[in-house]
Amino acid sequence: MNGAEYLLFILMLSVFLGFELINKVPATLHTPLMSGANAISGITVVGAIALAGTGDADLAQWLGAGAVALASVNVVGGYMVTDRMLGFFKKKES
Amino acid sequence: MNGAEYLLFILMLSVFLGFELINKVPATLHTPLMSGANAISGITVVGAIALAGTGDADLAQWLGAGAVALASVNVVGGYMVTDRMLGFFKKKES
Amino acid sequence: MDLSIITSLGYVVASGLFIFGLKMLGSPATARKGNMVSAVGMLVAIVVALLDQGIVEYQFILGGMIVGGAVGAIAARAVAMTSMPEMVALFNGLGGAASLLVGWAALSPDANTFTLITIVLSILIGGVTLTGSLIAYGKLSETLGSGAVMFKGQQLVNSLIILGVFGSAIMFCLEPTDPTWLYVVIGLSLVFGVMAVIPIGGADMPVVISLLNSYSGLAACAAGFAINNNVLIVAGSLVGASGIILTQIMCKAMNRSLSNVLFSGFASVSNETTEIEGEIKPINAEDAYYILEAATNVAIIPGYGMAVAQAQHVVKELANLLEANGAEVNFGIHPVAGRMPGHMNVLLAEADVPYDQLLEMDEINPRMESVDVAIVIGANDVVNPAAREVESSPIYGMPVINVTDARTVFVLKRSMASGFAGIENPLFYKENTRMLFGDAKETISALVRELGG
Amino acid sequence: MDLSIITSLGYVVASGLFIFGLKMLGSPATARKGNMVSAVGMLVAIVVALLDQGIVEYQFILGGMIVGGAVGAIAARAVAMTSMPEMVALFNGLGGAASLLVGWAALSPDANTFTLITIVLSILIGGVTLTGSLIAYGKLSETLGSGAVMFKGQQLVNSLIILGVFGSAIMFCLEPTDPTWLYVVIGLSLVFGVMAVIPIGGADMPVVISLLNSYSGLAACAAGFAINNNVLIVAGSLVGASGIILTQIMCKAMNRSLSNVLFSGFASVSNETTEIEGEIKPINAEDAYYILEAATNVAIIPGYGMAVAQAQHVVKELANLLEANGAEVNFGIHPVAGRMPGHMNVLLAEADVPYDQLLEMDEINPRMESVDVAIVIGANDVVNPAAREVESSPIYGMPVINVTDARTVFVLKRSMASGFAGIENPLFYKENTRMLFGDAKETISALVRELGG
Amino acid sequence: MRLAIPREIHPGENRAAVTPETVKKLVRLGADVVIETGAGVGSGFADDLYTAEGASIEADRSALLGSADMVLRLRKPDTDEVAMLKPGCIHVSYLDPFNEHALIRAFAEQKVTAISMEMIPRSTRSQKMDALSSQANLAGYVAVLLAAARLPRIFPMMMTPAGTLKPAKVFIIGAGVAGLQAIATAKRLGAKVTAFDTRPVVAEQVQSLGGKFLEIDLGDTGQTQDGYARELTPEQVEIQRQAQKDVIADSDVVITTAQVFGRKPPVLVTADMVAGMAPGSVIVDMAAETGGNVEGSVPNEVVDVNGVTIIGTGNLANIAARDASTMYASNMFNLVEDTWDKEAKRFVLDMENDILPGCVITHDGAVVHPTIKEMITGAN
Amino acid sequence: MRLAIPREIHPGENRAAVTPETVKKLVRLGADVVIETGAGVGSGFADDLYTAEGASIEADRSALLGSADMVLRLRKPDTDEVAMLKPGCIHVSYLDPFNEHALIRAFAEQKVTAISMEMIPRSTRSQKMDALSSQANLAGYVAVLLAAARLPRIFPMMMTPAGTLKPAKVFIIGAGVAGLQAIATAKRLGAKVTAFDTRPVVAEQVQSLGGKFLEIDLGDTGQTQDGYARELTPEQVEIQRQAQKDVIADSDVVITTAQVFGRKPPVLVTADMVAGMAPGSVIVDMAAETGGNVEGSVPNEVVDVNGVTIIGTGNLANIAARDASTMYASNMFNLVEDTWDKEAKRFVLDMENDILPGCVITHDGAVVHPTIKEMITGAN
């Protein structure tokens, strides 16, 4: 068994999980959920860190640093925006 | 990253999935579901096949063959019993 | 490499089929198909495994499969509908045995610690599953007595066994070459399986089997780790996790906790005289759902609180859903329920409850013993057992609706406040009573949501 | 090895937190906590990644993080509540850009074909996400016109771009050393992102963003494959899958199909004159649920069919659930609905619908334009637009309830049969009408179940 | 155009053809509305309420009628009142045209256009003018109240400390407009309701109100184009009687509404069936005035036959006079408005219209309604 | 033990103290039940129905009373009938002990044990014998029916082709047993119901039936241990009147049930309030017999005050005589059975019991009920 096989397994399981998890979300949550999921997709930052840190090639390093910056915007901004949205949402409820 | 890491990932994802999948099963399905899941747990047969086939050591081979036999009972019997149960269940419904 | 890609893909496909199959098994409409899907998954996995092995030593594999398959098929066809549960127990035990053997077979001199741990887990869980299932089989088929077996010092013996299992497992990992420890582990795990199941009564066996089933999944998973096989891990942990959830659901439907099921035997030996005064057991709508879902005979006893909450329409909705779920539903109307004569009639007529579902107290009381769940909705005085039990009570001698005779009683009210007569109600402290606190309308709406979803 | 175990465990934990977080985000009560949980997961993943790297070349990492984090934080705090959606679009675009860069950076001369494919996927999806999100941002913030942009030959151009993307991607995989193909792929994917989003109107942007969000997850997943990183794969595919589902849900709530949203722009250019007579569009309870769930103003128009089905109690239940969900609910009663004067009043009073929710035809008609969903329950003649539109109709001139003015109309009946007056009803063929066939009581019970669950 | 509303002079009639509310709407159309003094008193509308909405009051009845371009009233007029009308006048009221041949002829001779409210077609569009329906509807409600107030039992089920009272059983024969409303009202009060009608389409309507439909196989029955029942053959009536016998004996209240448009209603409850009922039971014969569905019922009287009360009160809607007036007036207004010419401010007798041809009986000196014409010339 | 049931001779009284059903149960207890001829006719129970269940019939009233060990009746007896009883006899009926001092004294002199049905305590356990409740319950239902049958409007809302009829507005003053049932019945018929009571606990009960409770701040009111209202001070009555004024003017039907146990009921609806109501409105004064809550109401008559109908009919339960008898008889039986000695087949006057001490007025030649004793000796 090689790495790709494991990755495939992981992919399949995650996809299934993703489908199972998001089930009948109320309309009011569509935007925050989208935004929250978007923040998670900023996980690329981890990949970027790996590449920026390798020092393999100059280009890769610069690209990685750029990726880190962009992904950081996504992550930090994403979580904060989502939180603000949800805070607002809660206030409206009560 | 080594194999164990992948296996851990797979374990975690599968456990999550297992929890997500079985949600509010009606009481009438408890027994068939148990039985169906039991049949799946007969997957050990795959492991047994691997070991029985290796020819590594005499003992392992014999043990493997035994395991194949036992697991086969579980698999074949399990699926068939479940099917019979569900067939009966359907008849009662209609 | 070529073959390995096929193997990999095959295992992925098989796992996917297992997942789909399990999901479909959870709903009546698709259950049968779900079983097929997971069977196909199994077929794929086996074929792939065989391909992967080439044809080396095929006689062992084939032999095992033919013998095992034939036995399984014959048993499955021959078994009577009523003895299916014990058959499942038996199959499950064999699955455990298989895991035990696989773990054992995976033992090779060059195994590292991680592998050793997984091997010992595989053997241990497999062994417990094997004998535990066999005992469960025996109890269900009445080959063994179905009662709980208990003896003095049982707890001590069990503790010793557990210690022994741990000790020998550790020793085995440290000295994998010495087969003694292996045999000790195998032996003790087998004994432990027996000891764990004998003190549990026959009526609780389905829960035990479900739990052992979950174990056999875990055993397969451990075996998967031992021989580094993904599909075993996926399928095993799926079964492990879903089995645990299922066990939990079954416990809830019986209105028991898991530890209560597993250790009730032990407990009752040690302190037989602990007859406490009773305590209040609140329950939430979700747990109440599991109990209601499994009920086939439900009695609804409305009182003034239903009127206050204006819950009559949701009560009717609840009754409809319960009937749709196959339960018989009746309303028990006490003559003084509410605050004016016929108070309940007015409200239930408004909600269009058919007249013939309304039973007078004298009609419902004799039937109460066959009621699975009595739902007391904002009634208090009219279900107060003090009228029968407490001679000093101001309502002593008044006939009341005997909900205590039902298997389980749900009481819906907002607090522990007393009713019109201003007297304490011992019903709330009974063993089989569960309190659903909150406004009756909201509580019932929650139940309706649970039942509807 | 030591560090590697920590890394592995850390990634597992982070993935678990993402899963929990996403699950919690799906329910109003836990959403905010869910966001926190997934943020913690992200923190864990980043810390682990940093640890894994040692401190080599930390300046690049730290620099990037500080700059990016600061920008993100400032933007997130400064943005007005009303422009959150475009902010999300922007962030999403940056995420896409990051994936593009990671894919690019992962390119090394010794990459094998599998890795190359994943690299090209990462770049491609990342690029499309980037420019697509930017366009969406522009449309939402009205920096660009929010209308759909269309031009002659758009389809041809798009086809060419798609061909070009495929071609260059294949060439790149074959000749990874030639940077030209790489640049072509990058360029074309950026262009394609623009082209895909410009023909979609501003009102549909939330769906587009959700879809692009799903893409950015897939891009991260592809990047994960490229650099062989599990946590990227798990998180990316989680976002990919849940994003797709969410997109689907949003489409259903808008009563549109995904392809209708994505290609409506293209379609309307090519065949502008296809004004067909109208067709019957059946819908099932689940899809109807998504539309109802998102509605804030619902009108219920009962007719004789509600009486036949004796659906009044479930109708009331439905109204309650919709109100609990924040919608305004009114009943529009046509004077001749039913089979006797006041027929609807009798039934709705029985179900305890408050009098002030019952609006006469003249009261509800002017409000109909602000109604999101008009639910016609077993009414036919009294909602027949032929009374206004078809001069030859025997009921021409009779005032009817103008449900066609509502955004969406659900018609609940068992068949296409006509009503008492025996005339065809053009309502059933209108663009915004959906037919829920079946006994009204059963249909509404199904809706109640969906809404309750 | 001068619209005259005379007072209803039939003894005991409390309803009015027009209410202040409708006067307001008529005035808004541009009509000149004149009301006879005291026209609304029976329904609780004093003269000043009418004048407040723009009507004028006229005390002299013959002057009122003589000057009218259009007369709106409820009950049919006497022949001598017809003589007071000026030719070309349009007269709207109940007319009973199947029986009142002399009256019809008087209208024709006077060259008055007579519109019969009984003859309004029963189409979906004309329902707003259908006074038979609007009044029958109220009558159905009142019938149940009368029965309930006389029954020595209560309608709803009650489980009380002093025992359980079973719900009363109510049997309703004829589930037209009045019958359906009776079913609804009896159900509201908590009774167990069974109903029967010869028109098979009605079964579903009865069930739609929570009533039980009694299945009787009468062979071919059917209904007319206007939705009225056809007359049964004597054999069919006999089958029906036999099948209803047990239900009637078992009922606490029987309400009969069985009418056959333009014909004498069938006798469905015979004396021996009445005798079979428990003492204290109540029968309401809503067809008593036109001949009766119940043997022994006396029009406009309440009789006791061996302990069974038989209510023959006709004109039940009159008991709810105020609402009955409101609805009748609304029917009047809808009729007037339907073909009203807003420019010319006058009612247009548009015989191309889909409603008027069915209900205009005489016009311009001739009997124009085909069925009635045939009947009258046939009778001559 | 000989249980005698005399016929109710009060004019217009149709109820009976015992029904054939209860005779059956009494006979099963071992009692010897004697019924006066015609005792059940008013409720539809002929003599032979009683004999079929094991009762014997006695035509001679004085012989019947003279031989009785226990008398079960509904209305209070005349003093000369008390004289016919033998000493030691137990006499159960309504007695009106707060006012009928001469009667009480007669009982004491005759050494008869008199049980007053008014004085049955209102505990949860005694509800099965509580005739005040069982009869008030039916009276509340009947009151609404009477009002509905007289109102020139209908109760429910109706949206019809001839316009929308608004639901009638009903205001109920006093939400005790009768008031609550009136609320329920009016709601059933579709009216909009508002109610008021001085006892604050009632608000929730009104709402539990779908009625609206009128909030009036009267200061301290409260209730007695038995759940009866306390008498209001004159100031409180005035506050209440003012607060109700607008509601009454706006109502189509007003039903008053306000009683204060043992005292004259307060006048809550004054003449000017009646004048403020629209013509055609209906008032039912359920307290009319004991003094009246409504100014201008006449006991047992229906009067018209400027177009407003005021119904003063007392004894409303009597209108539903059959069900009223069933319930009263059931109360009787429950009373007898509660302390019946099955061995000795006799009723035991167990004064240790939690119910009898409250309702036994005289025993063994003395007035034993403390409150009544005080009142009578005080009056002397």
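Note that the chains are named A, B, C, D, E and F in the order they appear, and that numbering of residues resets to 1 at the start of each chain.
Keep in mind that, in the parts below, contacts are C-beta pairs under 8 Å (C-beta built on N, C-alpha and C of every residue); 3 or more make two chains touch, one makes a residue touch a chain.
Computed from a predicted structure; not experimentally measured.
*Asks:* Under the document's definition of touching, what chains do chain C and chain D have as common neighbours?
*Replies:* The shared contacts of chain C and chain D, listed by label, come to A, B, E, F.
*Asks:* Suppose you hop from chain D to any chain it touches, then on again the same way; how many hops at least until you reach chain F?
*Replies:* Steps on the shortest route: 1.
*Asks:* Do the two copies chain E and chain F share over half of their interface residue numbers, or under half; same or different?
*Replies:* Mostly the same residues.
*Asks:* State the pair with the higher C-beta contact count; candidates are B-C and A-C.
*Replies:* Result of the comparison of B-C and A-C: B-C.
*Asks:* Quick one: point me to the chain whose Cα centre is farthest from that of chain D.
*Replies:* F
*Asks:* When the C-alpha atoms of chain C and chain F are each averaged to a single point, how far apart are the two points in Å?
*Replies:* 57
*Asks:* Using mean CA coordinates as chain centres, what's the chain A-chain E distance in Å?
*Replies:* Result: the chain centres lie 74 Å from each other.
*Asks:* Could you please state the distance in Å, as a whole number, between where the Cα atoms of chain A are centred and where those of chain F are centred?
*Replies:* It comes to 76 Å between the two C-alpha centres.
*Asks:* Please output the residue numbers of chain A that touch at least 2 other chains, ranges allowed.
*Replies:* In chain A, the residues touching two or more other chains are 1, 3-4, 6-7, 9-10, 13-14, 16-17, 21.
*Asks:* Of all the residues in chain F, which ones touch at least 2 other chains?
*Replies:* Residues 127-128, 133-134, 137, 156, 158, 160-163, 165, 188, 190, 210.
*Asks:* Which chain D residues sit where two or more other chains touch them?
*Replies:* Within chain D, the residues that touch at least two other chains are 19, 228, 230, 234, 310, 335-336, 341-342, 346, 349-350, 352, 453.
*Asks:* Indicate which of the five shapes (line, ring, star, complete, other) describes how the chains touch one another.
*Replies:* Looks like something else, not a line, ring, star or complete graph.
*Asks:* So, with touch as defined above, which chain pairs make the list?
*Replies:* Pairs of chains that touch one another: A-B, A-C, A-D, B-C, B-D, C-D, C-E, C-F, D-E, D-F, E-F.
*Asks:* Report the residues of chain D in contact with chain E in the complex, numbered from low to high.
*Replies:* Contact set of chain D toward chain E: 304, 307-308, 310, 335-336, 338-343, 346-347, 349-350, 381, 394-395, 397-398, 420-421.
*Asks:* For a test of understanding, state which residues of chain B touch chain A in their complex under the given definition.
*Replies:* 1, 3, 6-7, 9-10, 13-14, 16-17, 20-21
*Asks:* Help me check something: in the complex, which residues belonging to chain C touch chain B?
*Replies:* The contact residues of chain C facing chain B are 18-19, 21-23, 25-28, 31-32, 34-36, 38-39, 41-42, 45-46, 48-50, 52-54, 56-58, 60-61, 63-65, 67-69, 71-73, 75-77, 79, 81, 84-85, 87-88, 91-92, 94-95, 97-99, 101-102, 104-108, 114, 206, 209-210, 213-214, 216-217, 219-221, 223-246, 249-250, 253, 289-290, 293-294, 325-326, 450, 453.
*Asks:* Which residues, counting only chain A, touch chain C once they are in their complex?
*Replies:* 1-2, 4-6, 8-9, 12-13, 16
*Asks:* Taking the complex as given, what residues does chain A use to touch chain D?
*Replies:* Residues in contact with chain D: 3-4, 7, 10-11, 14-19, 21-57, 59-90, 93.
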